[in-house]
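Before we start, here is the structure in question, set down as structure tokens.
Labels for the chains are A, B and C, by order of writing; each one numbers its residues from 1.
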């Protein structure tokens, strides 16, 4: 979703950083209310990377484990919280000469860890001069 | 520990970010000297989430594995270092309109990964204007 | 690599943060082109910690799994992408009184997750006043 974000940014400062943070809607009844997404930087070239990332995260934190306590919101809820901590909920990217200074093959991933996540809200903060 | 931190902050800038970083005391003899805690953002509503997070982290990086080399400081020491890298030792949260711009159900977790961790020191840096 | 980075920094501001971000060369033919390294803060005292971190990461995301799709660039490529997301590709460290405010035993790790990673490029951004 690198281009989706880049397309909505104002003119960037010459030097600084951009912080992107996953927020969640405040509706208690909405699945999207809970911290269960993550942000990461990874290869943006081969779409197979996304499939394998999901395979690997599902193996690291499987659903339906008998010792989970927090199961009221569905079998994918607690695993989503743990995956969110593993990937992190914010990323900070340097700005150099007015552009995001990422590698050519780096892209911004939003990792949806719920099976039906709904809309997600991001906060983007630009710091620099 | 969101409210513990919020209660000690000065007036925040209108826009910016806050960075929270886990530091450690410098006493070599203290368990708290080593990087073995983490910071994360996760659901702050159901306390069961904390129990399950511990279960999941303990399964990901179990104690007493035969191939660990760094065991002098106890069986929980090397797993704590690894968990600390998995969760991260700092978090950055956006400030919008003078308030931390987190979701309603997001809270700040300090993850103590040692069995007897002692006091931990955090550095909070506020950036913005 | 804490001292390598510290040795190349200009005079730091009194208060602020430093962000370190792993970038990658743009050559498509180079292994170093892909996001497959990570940055972390961990114990800088006992070198055994580094050995165990590698053991643990290799157990968490093993090579040569039958269900990986992204295998064209070698068996260590997809695991490297996943490890990179688990550790993160940037770190933010507070600056207090003109110095990096880390704990005595905390050091900056560059985690090379490819078997033959080549040169890596870091972007260091200093923010503060």
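Rule of thumb we're sticking to: contacts are C-beta pairs under 8 Å (C-beta built on N, C-alpha and C of every residue); 3 or more make two chains touch, one makes a residue touch a chain.
Nothing here was measured: the structure is a model prediction, and the numbers come from that model.
Subunit B maps onto subunit C through a rotation of 120 degrees [Cα fit, steps of 5, range 0 to 180]. Under half of the residue numbers found at the subunit A and subunit B interface occur in both copies, marking it as a different-residue contact. The mean-CA centres of subunit A and subunit B are about 19 angstrom from one another, to the nearest whole unit. Residues of subunit C in contact with two or more other chains: 60, 86, 88, 92, 127. The part of subunit B that touches subunit C in the complex is made up of residues 19, 21, 23-26, 28, 33-35, 60-61, 65, 67-70, 72, 78, 81-82, 84-86, 88-90, 92, 121, 123, 125, 127.
Touching subunit C in their complex are the following residues of subunit A: 15-17, 40-43, 45-46, 48-49, 51-53, 55-57, 60, 86-88, 91-96, 101-106, 109, 111, 127-128.
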